[in-house]
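So, here's a batch of structures to check.
Common to both upcoming complexes is chain A, partnered first by chain B, then by chain C.
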Partner chain A sequence: MFGIATRGVDAFPLTGRGWRDRLTPLQGISDVIGKRWMEGAVPLVLAAVLTTGVVFMTPVGATDAPLIMDEVAEKSLLAIGLTLVMVAGGIDLSIGSIVGCSSLAALTAFRVWGWPMEVVIPAAVILGAMLGAINGVLIAKMKMRPFITTLVTLVAFGGAAEALQSRYTNQLAFPKSDILWDFLGEGAIAGIPTAWAIFGIVLVVAHIGLTRSRWGWWVTAVGSDRRSARRNGIPVDRVVFLTYVLSGALAGLAGLLTAARLGRTDPAVGEGWELIALTAVVIGGVSLKGGRGSVVRAVAGMVVVAVILQASIAFTLEAGGYTAILALVLFSFAILDLKWGKYRLRIAEKLTIDPGRISVGPLVDVTEPGTVWSINSKLTDAPPIGLGTIEGAEDCALDDEGNLFCGDRRGWIWRFSGPDHTNGEVFARTGGMPLGHAWDRDGVLMVAVGGMGVYRVFPDGETKLVANQVRRSLTSLHDDSALRFADDLDTAPDGSIYVSDFSTRTNAAEYMVELVEYRPNGRIVRIDPDGSTDVVVSNYVFPNGICTSHDGQSILIASTGLFRVDRLWISGSKQGQFEPVMENLPGYCDNINRASDGNYWMSFIAMRTPMSDLLMKYPAVRRRMTREVPQDNWLVPQLNVSCVLKFDDQGNVLKVFWDKSLENYPMVTSINEHAGHLYLCGLLNNRVGRLQLDPEDVGDIDPRLVPGTTGRSLPFSEVAR
Partner chain B sequence: MKTRVAALLGAFAIVLAGCTVDGGSSDDSSAGGGEGMPDTITPIKARQAVYDTMQGKKIAFVPILYKGYNLTTEWGHTMERSFERMGAEFKVYDSNFDTDQMVKTINDLIAREAVDVLVLHNPDVGVLTQQIEDAADAGIYTVVINMISNASGDIFVGADVVGSAEDVAERAVTDCESRGAPKQVAVIDGPGNDAFSLQWNAGISNTFEEHGYEVVRTSHAQWQNSLANKAAMQILQQQKDNICAFMVTFDLNAIAVGDAVQDAERQGLIQEGSIGVYTMAAGAETCAAMDAGKVTATAAYDVTGIGSSIVAGTQQLLEMGNEPGSMHTISLLPHVVVDKTTMNEYTIACYTGN
Partner chain C sequence: MNRTLTAIKEWINPNWATHMSIPPMERGLRPNSRLDHAHALLTPGDYEPEDLLVLDSGAIWFSSGTAIQELKDGNVRTVAELGGPVGTLTKLNSDIVAAVEGRGLVSVSASESVSQLCSDTSVATCVTDLTALPDGSLLASVGSTEYGIDGWGRALVHHDRSGRLVQVDGQHAQVRAEGLGWPAGMEADPDGEVLVSLSLDHRIERRAADSLDGAARPMLTNLPLYPGRISLGDNGWWVAGPYVRNRITALLLDEPELLGEMVATINPDEWFIPRLRSENPYTDPLQMGQLRTLGVVKPWAPPRSYGVAFRIDRGKRISESVHSRVDGKCHGITRVTAHGTQVIAAAQGFRSLVEIEEE
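Then we have the complex of A and B:
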């Protein structure tokens, strides 16, 4: 929640800020309210507060619990049925009258007609289901509006109950005893009152049915969007019909239970219960618009209603008082449902960008003549490969046969073969955004695919997932398990792979958000040869380039956001230590790769300016910018520079190459040295450049080999899967 | 599959084995009080003993309807005057014709053991059965008034409804014969499942069968004046002068029926004075209605006496200190048939509700 989920080396101090800047309160709020369960949680928490308030401020106490439970058990059956109907996008107002019908019919059948209880019990439920089926036919088959239909059947079924009562009134009044009747009304199953037990079973079945079964998903789908549900082959009419039948059957069951418990024989049984059930359901956060809702929450809503009812009884409010309170509660929660449902995600979205503050060091002026940084045109005339066919190769790799493999923003990996890499073909398709390329110990191509994770690509172009997740941080509200933005990778001598995860919050397509936010959301992940993963550096600002050092004992990590390169020792006496290599560089670092002379190549994708440095100090300005200015006009580091530098293990910058014109190479994100040439890649370029190196720059190390290994037994094309 | 069926059967057996029916157990706690008064006691000490018994006792009255209803306010005021003077707490819980509300109120009072005596006015002969049993289990006495139920509580006190119905029906027969009207009557009762309606119908049947009268229609007006009025109008339109009397269970409904009869007379639907309206009980409104010719005659029963009997009965229960639910007594109070000319001759007619 507050950026304190630290694993491995904590890189936060590199930002130069104190603990307060670790906190991301707005983002924390956004994370919380963006959770799916928040939809019902807010109404429920309010309801819980209301209940607690009522319990503390009124004479209602523990002794009332069984009474409240009786009420909850009976009326929750209605609430559960109503939830099913409402999740499917309908409403059932007739449940109160169905209770009356089945209650009086059960009493009549038992007391007047002398039916045996073994028949009366299922008959009452079936009667309810049949009345529900009338609603179902009218609504699902005849396409009548649920509200008006069930309002009419509320009156009609009520009339039927009244007629039945009127017909048998004299005989109805005299009780008859039966063991099953008493079992329903006053009995217990394993010590739990029968009605509670029945309610519990119904609740569990309905919850599992709605959340875990195919039918439950159909119900939700129909309520969310009828049209697309139909187009997906869901039998919409049947699903809707069945929800009304179930609602009716549950109302029938409630009627039977209330008949057994109270033995009321006046025609007003069940009158107004639909309002009580509706209030409970709305308090429970079941949407009035359909598609959202849970029976468990509806039952929690019923508890609230029952507690309020009990309080109004204990307070000896006038009978109208309770109805008024109920109406008020229903009204408030209906408004809450409407507004919260509408604004929750919008609020979450508004708060999710929560820019941070970074301390930046002094800025080197690269335009000053006579320094190593002097701008030149060394890169300008590098001949192109795949001109016009490539779209955004972030990185590339070369095999022993001189084939060039490079990514493409469209998700492909190209292979350029032939003497001058003239034959280009799409070699593999990843489905994500291929970024960093590297060889593993066995000579298989490894690609960091933005949005997907790390993949191995075999000679036949098949891809295979290596890793796409790490264990989730326990303290993080935000699910940080996925490798959302795997950017660059390299192999260590022990075969493990180090991957930079640019951000745990956004994926590659939303890098602009990350550039504005400027939070230490990145991390370095180690993938062991057995496929297990672990975070080795966390809270890092935009980790990008990853390169195993020549001695194989450390990993160099380029931080795009902090203009620096750090070293993580992975073996030897300093293992686990983290130390700076270069700081306060004049540009935003991208990939690092080994050079053949024992040094390293790195590129900048953007240059620091006084303006960009200034913005780092004012997170509020950047936040306001994201809210008031279209994304195209955001002030973020402009990714429009081609700058390649060579540095040594001590962090001394040895050489800098530029494309001053920016015509051919508007950006360079990665440089790979092979056989006396530098291959220049750029995420926004339409080509890969091949620059002939001066002999003085070429050494005898093969930069493609994992340090500490002595070459591969087989060329890439012959590597077995 | 076999194992699954066996497991299911096993689970079912376990559940069944756990099923019980609780008939309700009674504990030995009593509402306090003594074992009755000694054989001899001086008047001053006797009075003190009554006050000591009643001191701090909590008595709740749960009528079907209270505010604005002379019948129950009559009893309520009598109880209030008596119990509060003696240091007991008395409270009325108005159900306002809502059975759900009434049941919940009673359940709540029993659950919190907030009372020593419950005075109940049962809307339905069956509905409070469980509550009366639960109250006894919780050590609470129940006094059921006027609306007898299948469970009559420790004390029942109320009108002799059957007797009243027989006597006022007798009066109706006399009136009908004197006019030479048809031997047909219509009945408008309450919900029909309540003690009053059941007994009323039994009583009038006794008389009418004896004299060869036929009940052509019975309507359930649910104690509602509007429904009673509507029912009477329908019957008048269908039967016109073919009936000679309306037998209305509830006196306030009888006034509404009287209105319907007068309307019918004005509209010329029936001849003036051809149909009488008979009921039982005589509150001040009923007396005024008799004066206005809307109600012909009523069996005025001792409403005030019921209030006094509750007061006396409650004191007796608390003084005797028997275990609640251990003994049951049922007492019926007297009535007299009155009409416009005789109503002022009897103290039990025309009570005011105060």
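Then we have the complex of A and C:
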């Protein structure tokens, strides 16, 4: 419950907290409330409680079940019809008198005019449909208000039924028998009473029709927003018209079944049924404003109403008493519909940021002179590439011909070619936020695209999806299947791709929410060469850099939020083990890449400060900050500094480069070494820096090659798709 | 529990709740870059001017460190070394009175001879401003009796209200008003009223000179800054704004537990409170809006340090203001004074004096 879903290595203990801090109660509530089905679930649960209460507190019991079921079977037809109309944004009050009309007409046709039953049955339904069509024409074509129109037709159809009744009063009283008539009234199909069976079929068809068919989606769309529906090419008038016709037809069917069951009828049949159907529908959580509702829930609402009716009969209440109770129930559920529908998502929104607590270690003071960290200006004068054309290159990659490929926040991948990388062109378009770049074993460019997953980019600029999801974890309320925030990747010698997924909850554009919330929502995903995916490390705090080690036996993972680097062994005797490499760094780690001399480069996107460390101990204050202070004012670690460091396999920091001015290279997110130069990328910068390395820093390893492989057969420009 | 009660109270009547909102800088306080374009009279960094006076001769006297300096024709010389941090300066008859931290009020005559004016303990520390009353005595505002002149931040985080107004007549000092939230500036009006700026209350009010502890008439309330010293000029009063308010600081001030731990464990220079200048970004946290994006820091980002001063006209409205925003450097204005058409500001954060040009 509440986010305890562990797969692969569980990295939660790295946060230094106990099981209690795994729980995210507010976020859990938010996740549940935010589910679409919660719309109707709350009214329905309340209805179930109400029913149970009635059953326990009144003489109504199991023996009343068939009676209740008869009631439900007939009136649910009305409720289903009404649901269709209401989901399309209308209302149909005339169903009660359509029932009266059709039942009286069916009886008249059968007993007075002597029509055969094979004709009477469809005729009754068609009569209902025609009466509904009158509503439909008035409302859909003539654009009259549904409420007043159906109120008028309620009276008009009732009058018609009464006229029919007074014309044939005497003849109607004579009983007449027919096998089909009896079958409708008292027969059974495979032991199930006919009326129940018909109701069951209608229910299934209506439910599938409303939820699975194109027409059903149209109905919902029209009810949600008429104007948008029209602009999307939905024939609004036709859809609305048809809902009234269907509602009328179902009312006609209900009238026929009633007449058959009772064996007699009068204009009072059906009187007030529209109120019963409306109550049932509202109890079932069908919105009075249209666009939301389900026929199954409407039927459940009808069960509640039928139980109340049965209880009122058991207590021998007068008819007025039953109506009063019904009105009361309708009233309270209408209020619930209004308030719940209005506030549900707002409550979910308010609770969704649920900051956590993380134990932080001691802070190294980088401003102290004479340490390896001492601030210098080594990066400041690195000449820029693509100054002013690039907008936010998080990472880059260089091919054998010296072309530079880097991302852009607009979803593009740039290629800078020529001497000093002066020719920039948009090489590929991803549609997401290109973050980490790496080469795979065949020399094809792979890009982790924020919001989209992992893609391969071919020399012609075509992109192809590698993976964008993992299997959903069974215990998580939140759907964690998508790779929402893949931010770096690297290839292992066996061809599998390791991807760091910064967070399963937010996407790349909302990273600041994670910096404030501080929950171990990240994970490491392995993409098998066959395309299947699995989670190898879960509950990790902001994994943001990933790099295969020089020996190819392990991968290094940088945790932005825990200021540490860890190693996951992927082959050899320690396979599957997880161990720390560096801990308590003074900054927030980002991408790691191999250096040519057998070490590794890493950058910090932010520096820890005493204040931001202190704030991490106070989740309630951070939550208050997200609620009361605009995002531009949120207090976060120092993100404007640049820091590049070199470390070895044992985790010793060897060298640190800074841009003391903070102006040219703030927030370096990635460094790539190639041919004696360091390429400095920044997620929010408008350039890529190219820093000439001292000869002592340059070795003879090609950092771009997958460890364990020996060069590529073809340069990138000639790789086949 | 307390917070629940507050929430219920707010639900019943929104006016019962304390709101942390800070008004925007608008109308007369609309931001501009006039301070950044102002002409620096000193090489920034050489001195740390706290207060300044323009003498009739046109020379500028300013306090910096433990001395009073004179700027005349572009040359700076030391007028007097006073043996303690020199704070505010004011004219009293033909002499200049300086508040020296730890020593009291010191008088410097035109011939530059130094004499002790008042050594009463009530004006020995934390004198933020001085003004001459019509009867020839001096009125001193004491920011706090708990903290020294450099203790504004401590006073802020401790919600200090021990500020005073003290009347000084020769050696005799008399407390005239108490319980104020860091009175940072004063100016006596010829018509018998005194303007007082209350830094921690974000307001400027008027008090009658003969009953300073009596009813105060608010002049400007809920300012988006912590007002500082006030100077009367030909066109009204110039008010310096050494610090501006920040929503995060307002939030932290409302979180006693976090604030307590901050005070107990963090070096005061790194507390998240407004300051005169921002120099060491490596230990400063950031506010999201200060992020350098595509090479640019937005000038309107939430400020930690800021340069602002404004003029209140005779109609008691803010009619003009000068700013140096987040992208500027001329921050931490501690005094603005108008001398004829010349408007000169002491920018302590910028460590210089600047002459503001006409609009």
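The definition used in the following text is that the second predicted complex is superposed on the first by the 718 of 721 C-alpha atoms of A that agree within 3 Å, B and C clash if a C-alpha of one lies under 4 Å from a C-alpha of the other, contacts with A are read in each partner's own complex, and residues count from 1 in each chain.
Convention: a residue touches a chain if its C-beta (ideal position, glycine included) is under 8 Å from a C-beta of that chain, and two chains touch if they have at least 3 such contacts.
Treat the numbers as computed from the prediction; the structure is a model and nothing was measured.
Within the superposed three-chain model, A:Pro666 lies in touch with chain C and out of touch with chain B [touch as defined at top].
Once the two complexes are overlaid on the shared chain, A:Asn170 sits against chain B while remaining clear of chain C.
Contacts of A:Gly187 after superposition: chain B is touched, whereas chain C is not reached. In the superposition on chain A, A:Val629 makes contact with chain C only, while chain B stays out of contact range. By the touch criterion stated above, A:Tyr618 is placed in contact with chain C alone, chain B being left untouched. Of the two partner chains, neither chain B nor chain C is touched by A:Thr560. In the superposed pair of complexes, A:Thr15 makes contact with neither chain B nor chain C. Once the two complexes are overlaid on chain A, none of the chain A residues touched by chain B in the first is touched by chain C in the second.
Looking at the complex, you find that chain C touches chain A at residues 20, 246-248, 251-252, 255, 257-258, 261-262, 265-267, 270-272, 280-295, 297, 301-302. Against chain C, the residues of chain A that register as touching in their complex are 365-367, 375, 391-392, 512, 606-607, 609-612, 614-615, 617-618, 621, 624-625, 628-641, 662-663, 666-667, 684-687.
On the chain B side of its complex with chain A, the touching residues are 14-15, 18-24, 91, 93-101, 103-105, 107-108, 111-113, 123-127, 129-130, 150, 191-194, 197-198, 201, 220, 222. Within the complex, the chain A residues that touch chain B are 59, 61, 63-64, 66-67, 70-71, 165-166, 169-170, 172-175, 179, 182-183, 185-191, 194, 261-269, 272, 309-310, 313-314, 316, 318-320, 322.
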